[in-house]
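Worksheet: one structure, shown below.
Order as written gives the chain letters A, B, C, D, E and F; numbering starts at 1 within each chain.
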Amino acid sequence: MTDLNEWLNTSMPNTVKKLEDSIATKYHAETGDYFGLSCCNEVIEVLDDLLAVIFPGCFGREKIPPAEITFYLHDLLRHICRRLLKHLNSVLEYQNHHENREPQDSTERAGQTLIHFIESLPEIRGMLLEDIQTALGGDPAAYSIDEIVMSYPFVDAVATHRLAHNLYSQNVPIIPRIMSERAHSRTGIDIHPGARIQPGFFIDHGTGVVIGETCTIGRNVKIYQGVTLGARSPFDTSGAPRTGQKRHPDIEDDVIIYANSTILGGKTVIGKGAIIGGNCFITESIPPGSIVRRDETG
Amino acid sequence: MTDLNEWLNTSMPNTVKKLEDSIATKYHAETGDYFGLSCCNEVIEVLDDLLAVIFPGCFGREKIPPAEITFYLHDLLRHICRRLLKHLNSVLEYQNHHENREPQDSTERAGQTLIHFIESLPEIRGMLLEDIQTALGGDPAAYSIDEIVMSYPFVDAVATHRLAHNLYSQNVPIIPRIMSERAHSRTGIDIHPGARIQPGFFIDHGTGVVIGETCTIGRNVKIYQGVTLGARSPFDTSGAPRTGQKRHPDIEDDVIIYANSTILGGKTVIGKGAIIGGNCFITESIPPGSIVRRDETG
Amino acid sequence: MTDLNEWLNTSMPNTVKKLEDSIATKYHAETGDYFGLSCCNEVIEVLDDLLAVIFPGCFGREKIPPAEITFYLHDLLRHICRRLLKHLNSVLEYQNHHENREPQDSTERAGQTLIHFIESLPEIRGMLLEDIQTALGGDPAAYSIDEIVMSYPFVDAVATHRLAHNLYSQNVPIIPRIMSERAHSRTGIDIHPGARIQPGFFIDHGTGVVIGETCTIGRNVKIYQGVTLGARSPFDTSGAPRTGQKRHPDIEDDVIIYANSTILGGKTVIGKGAIIGGNCFITESIPPGSIVRRDETG
Amino acid sequence: MTDLNEWLNTSMPNTVKKLEDSIATKYHAETGDYFGLSCCNEVIEVLDDLLAVIFPGCFGREKIPPAEITFYLHDLLRHICRRLLKHLNSVLEYQNHHENREPQDSTERAGQTLIHFIESLPEIRGMLLEDIQTALGGDPAAYSIDEIVMSYPFVDAVATHRLAHNLYSQNVPIIPRIMSERAHSRTGIDIHPGARIQPGFFIDHGTGVVIGETCTIGRNVKIYQGVTLGARSPFDTSGAPRTGQKRHPDIEDDVIIYANSTILGGKTVIGKGAIIGGNCFITESIPPGSIVRRDETG
Amino acid sequence: MTDLNEWLNTSMPNTVKKLEDSIATKYHAETGDYFGLSCCNEVIEVLDDLLAVIFPGCFGREKIPPAEITFYLHDLLRHICRRLLKHLNSVLEYQNHHENREPQDSTERAGQTLIHFIESLPEIRGMLLEDIQTALGGDPAAYSIDEIVMSYPFVDAVATHRLAHNLYSQNVPIIPRIMSERAHSRTGIDIHPGARIQPGFFIDHGTGVVIGETCTIGRNVKIYQGVTLGARSPFDTSGAPRTGQKRHPDIEDDVIIYANSTILGGKTVIGKGAIIGGNCFITESIPPGSIVRRDETG
Amino acid sequence: MTDLNEWLNTSMPNTVKKLEDSIATKYHAETGDYFGLSCCNEVIEVLDDLLAVIFPGCFGREKIPPAEITFYLHDLLRHICRRLLKHLNSVLEYQNHHENREPQDSTERAGQTLIHFIESLPEIRGMLLEDIQTALGGDPAAYSIDEIVMSYPFVDAVATHRLAHNLYSQNVPIIPRIMSERAHSRTGIDIHPGARIQPGFFIDHGTGVVIGETCTIGRNVKIYQGVTLGARSPFDTSGAPRTGQKRHPDIEDDVIIYANSTILGGKTVIGKGAIIGGNCFITESIPPGSIVRRDETG
């Protein structure tokens, strides 16, 4: 092992130097303030605590006796506020820098964003209870609300989405995406924080579901694993990305979309009450009440 | 930050109050005993220890010297028994409450369930060795049994399923679903604990696989990523969920189902030795020995 | 609980004995050196530290002040070297045993493998910067390089692949597969360490992507969720696995493959600049510059 | 190891049974509610957080940027309140039971105790600043207030005492003693929570210092390692413990007591400004302004 | 910082080399098997678990509901056995090597030692209950047995001693000393594992107490802080250590020794019921029933 | 609990405000840079790692196989350097501020201090081996060098002192005191980092030992528990602390000082080979070769 030790002392410093140059010069130069950004893990810890506020005892790290619930919520919310404010400050400063905005103090905006976010939590919880109610009515294998909260992955994914969407709507960069990606990693369900989703939304199984940034989804919609609500092409005819345009479909109330179907395009509307069978590939609007099936020959 | 501090002290308590009311009144009232239920994380820790009993050194947190294996197994099983019994008691009490059963002491039933479960572990391990053997024979990229145990996600998913299915068969609620959802989160493979699966079962890659509650799968079956063994529709013609019915297909011995194919329906049987090509969509039975391919024009 | 306690003391030892026999005799006998192998968790810790070397502050556990970056990299690389060398020794010894190679000291080879691996890190980082640049240009929803590093799952998957592929190319068994499976679990993207992938590679969303062992992928290729680059059949006409053959397709420069498309076969070539629409199923070569779409009737 | 395994399965259960009987019958019977009592470790965690409130950044687990101090204090105090209230409830119920008090709800008393305790924290902090000032003026080796807070054991011991004494004064059982014993373990300084100590108190080195329950100590007193302020005999002439009596000395303002001296008795008063040399043994009052020395022949 | 980095890469390896040589050559050569010995931290974890077996809920990491106590004890004892056996094997092999004993398998002896140790636990617990009873009767400040278990340092020290003494009596090297040193560090009470101490033993405050290897202590003895029961001189007239001789005093039943007194010599006997006042220095035997006081002039 | 909740929301903020004012105004104003100082816990972690470098496998968290010792030392030293440099920078900046030195960059000095410190480690280890050798020769109860390293508290105390003294000698503030206080807390042995101690130093038992800042101790000195090597009075005749003066005794080679003896004064010299019996109180020099005993009447 003599050679290895020698290499560690004499040659490895060169490798370190190259990595360091790459980080300090190449990457850093392009992006400005990379090192000052929030640490992903810390944002994820805040997310986990938020889920524990919404469903205490299930998502949290401890069982909460009913008598302690007031204390618990207040304690945990305080703790969330302290850390989330720090991360909000950090990304809002980054945003000012990245978008070449006029220099301004982001502290005030971070505080207002936090207040609005926390005040929305009861409403977000209300929507989630409707989501769970849809699941209970829509899955023959569902046993009880408790079982759904504790073992259905869409609860994690949709709860995280509703939290992230609130921040997205307040024009907070990066943090909503870290949050939604966390749920994606845990559940295989990838919902962009920009999607607008009404209450009563249920995703069964969920792996492979993708819901794009400019999607809208009505009340009491059910979708299954592998469903993509995507863009026809992310590029316009000149090959440039279609940033900022409506690129993803609208799903109206009471629609059901079965497994592995794909619905594409910003002008595509799936009308109220329509049922889309499994493995369909749809790029045009579907009238309300329609039933669409693929040929079942395999 | 004065305003924020003021808000924290004067307005946030209202938000806490609303959340508390939502938890205490709305949710709790509907479901009875939510706070008394087992904590998900603790069930998952028991599952992880069970996997470590079955493949010590690989799934566990430590390498086990051969000379210590007896001690290790006994020690870990004791520890599993203590915690699993507590969780069994908790969910069986919940079941009595939720199903309005006549009050009875669930302690006796929890004990018998635990005994039967632990005594099944050697048999479960035997089935898993057959599963792994199928993988070794069926994947050209497989190097050795060790590699399979340590790096193939289906080992986690199928081992967890065989454990969860034992509890499901003993009519234990919720715990089996928490277990199978854990494997789903880690592997993208979603097997309902109700599915009955013979030994020699291999899933390659696995992301997006869904296997429904009333599926049966014969010996030496191989399936690939994205395969759904699902229900035609979870609702009967009146729109009510088809709870308790046979809703998912039967897969006989020696069948191969390639990637992203979908097989639906409780009367659909894939006959012994049939091969289903990739991306097929099947809602009718397939005779034994058949080969089914989709049109390959894209 | 008397019966349960009695069972624990009198009958459970039999169950332990059966498990122990199964581990010691059946499994162990077939595979030789199982217990001596590296622990999966420890390999995964090394992987996480490697990702933290490449994107410090994002994948790591702590924010790194710019002034400490040199120290941090050197410190962490030292720590990686110490542990990775141990695991390399372990799997190379296993390889000698498993392949019935002539006994030889694997220490020298482990050292050389480690040196080559560490010296490749700056080059691997360079390729990842090109991958990220492709993402920035190709996703209308992308905000900045920082956002991509912190919230796009393909960064984890492709970075892990480039690390694992280096070890695979040096004929290291098992460790590369544990690494790629870790990324698969976190992202739903399953890239075999054997695949050869040029820089500028972007996977959007990613869940369900499978890229086979003998794939080659050119520069600036973009693929979407659910894309399979697979084998036509893993078995030859005699039913034996086609180990060691070219089984997976070649994707040339500048190709785009949209969501849920499947491309199979070792002789299948997707020509330079071709665009494959969503949900296509392709088993023949596609000429350069072609556009392939599936029928859009659903 | 056959014999050992056999013993574990056949004989060890008897040992467990004996331990269990001992715990359930003998000990438990005498003491009532042992298992329901607060866990020591949890009380100690609360203590550590209280010290972090008083000297943030030094005793706590993290450095606190000045801009976050308000948030930090509020967050941590909330967290302390939640847990301390639980422990107060537990020991006050124990007290009702142990003292055969009439049954009453201890919740109200726990809440009032908590409020009074928290409201005293600023005053306690003020006294500690005076203690530190005395140290700075009295130890030639002291460098700065910061150094004293971070490295003088008496800060831990006296801060803990002032917290524990507040609870003792509110007639809270057990918790104050767990707290003071924690400081004793860390510093070797054993101050009974009953002792009444004015501000400006400094203990140098401290190991072996014992200060009894009914001691009073005036302002600006300095003592050194090994000093005992104890009782002449804990028993009266009939051999019964002198519970509830004044058993320990009074130390007036500005006294200095050098190392390893012993002062005993409830009627012993060390007068204002007296200096007691090292290794003295005193059981009678000493007039103000006196200097007492032992013979220095060894 | 250029110079520092250069030094790290070029000169620090020399320092490492020197340390390595020192460890490998100098120290190692003298002592044989240093690296193979048990890790101190692991022995201390076993000790902590043993204390939790004896006083569950107090010394352990969790509160134990009465209904789970049987399970808890059995589970924890199993876990203790597994780890303690490993450490026993390790130190017994070391002993064979260090004492140049004839080579023999230490496994059998380790197993028998373990069995005897575990079977003694109920008896040890019984003695500790007597110790606590003495404290309750002897300290006017004591409130209840529960308070004593949870906050009197002598409980930790004497419980650890009784455990360590069992192993010492079975001629186990090193482990008993690691255990007693752990208690010494936490309590300031230093009892050599060789001391033979009858039940009903109480140490108040305790800091600075030293009890030597060949001490014997009768029933219902009480001692206070700073008491030394030591050797007159550890060297014989030739200057060699008096290894293996009786070097420390005998304390008969019902003796009380007040704070900071010193009693030296292997032939010194403190007779039944004697009372030794504070700060005495005794090197001759004291008749039963005597009262010894130092001059109280200071 | 209504009142408590109301108090938490309305009155507790006032308490927080008072604490905040106390921290920000009163304390902070006097001391300047308190919040920017090193965190105690982090310094202690560095100390623990240094002890693990000196006695790997004993003080560290893991057993080190001999083959990995080079790697281990290098890895750990790198990690120590990174963190210690940061703390050195922090306290040197503090020193500039506190001593009103002319502003200067402390980086250079921190780097040089670190280099000198690390290069001294082999020499420090050499001195510790001599210390241990003295213990082995001087304690009849000592079994082997291994036992001494693993269970004698003076090893921790003296090793920590030799490390802290190196930094003290380089005029580093605060960090040496945090280190020595850590050893004090664990062992009851309080050695000021300023004391100059030759090799071959042994402290038996150790609780209560105090060694002052300006002490010097020769080769092969042995002392016992409770020995104070202190100052006559820390104040001069005007009452001001005698900062910077020689205040503590000199102990020449081969001296033995038995338990609980006190030696005071900066001009007091205990001559070569002298023996000081237990419980002596000495304020004058003792000639070489003398034996001093206290009257043994108690």
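In this section, contacts are C-beta pairs under 8 Å (C-beta built on N, C-alpha and C of every residue); 3 or more make two chains touch, one makes a residue touch a chain.
Everything numeric here is computed off the predicted structure, so don't read it as measured data.
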Where chain A and chain D overlap in contact partners, by chain label: B, C, E, F
Same or different contact residues where chain B meets its copy chain A, judged by the half mark: different
Centre-to-centre distance between chain D and chain C (centres being mean Cα positions), rounded to whole Å: 57
Centroid spacing, where centroids are CA-atom means, of chain E and chain F in whole angstrom: 25
Mean-CA-position distance for chain F and chain C (Å): 50
Residue list for chain E, restricted to those that touch at least two other chains: 1, 5, 8, 13, 70, 74, 78, 81, 85, 188, 207-208, 226, 260, 294
Topology of the chain contact graph, where touching chains are joined (line, ring, star, complete, other): complete
Chain D residues touching chain F - in the complex, by the definition given at the top: 53-54, 56-59, 61-66, 69-70, 73-74, 77-78, 81, 85, 107, 111, 114-115, 118-119, 121-122, 125-126, 129, 137-141, 143-147, 150-153, 186-188, 205, 207-208, 225-226, 259-260, 278-279, 294-298
Residues of chain D touching chain C in the complex: 5, 9-10, 13
Residue ranges of chain F touching chain C (in the complex, touch as defined): 68, 71-72, 74-75, 78-79, 81-82, 85-86
Partner chain C, residues of chain A touching it in the complex: 1, 3-4, 7-8, 11-13, 15-16, 18-20, 22-24, 26-27, 30-31, 34-35, 37, 39-41, 94, 98, 173-174, 177-178, 180-181, 184-185, 188, 190, 192, 194, 207-208, 210, 212-213, 226, 228, 230-231, 234-235, 241-245, 247, 260-262, 264, 276, 280-284, 292-294
Complex interface listing, chain E residues touching chain C: 1, 5, 8, 70, 74
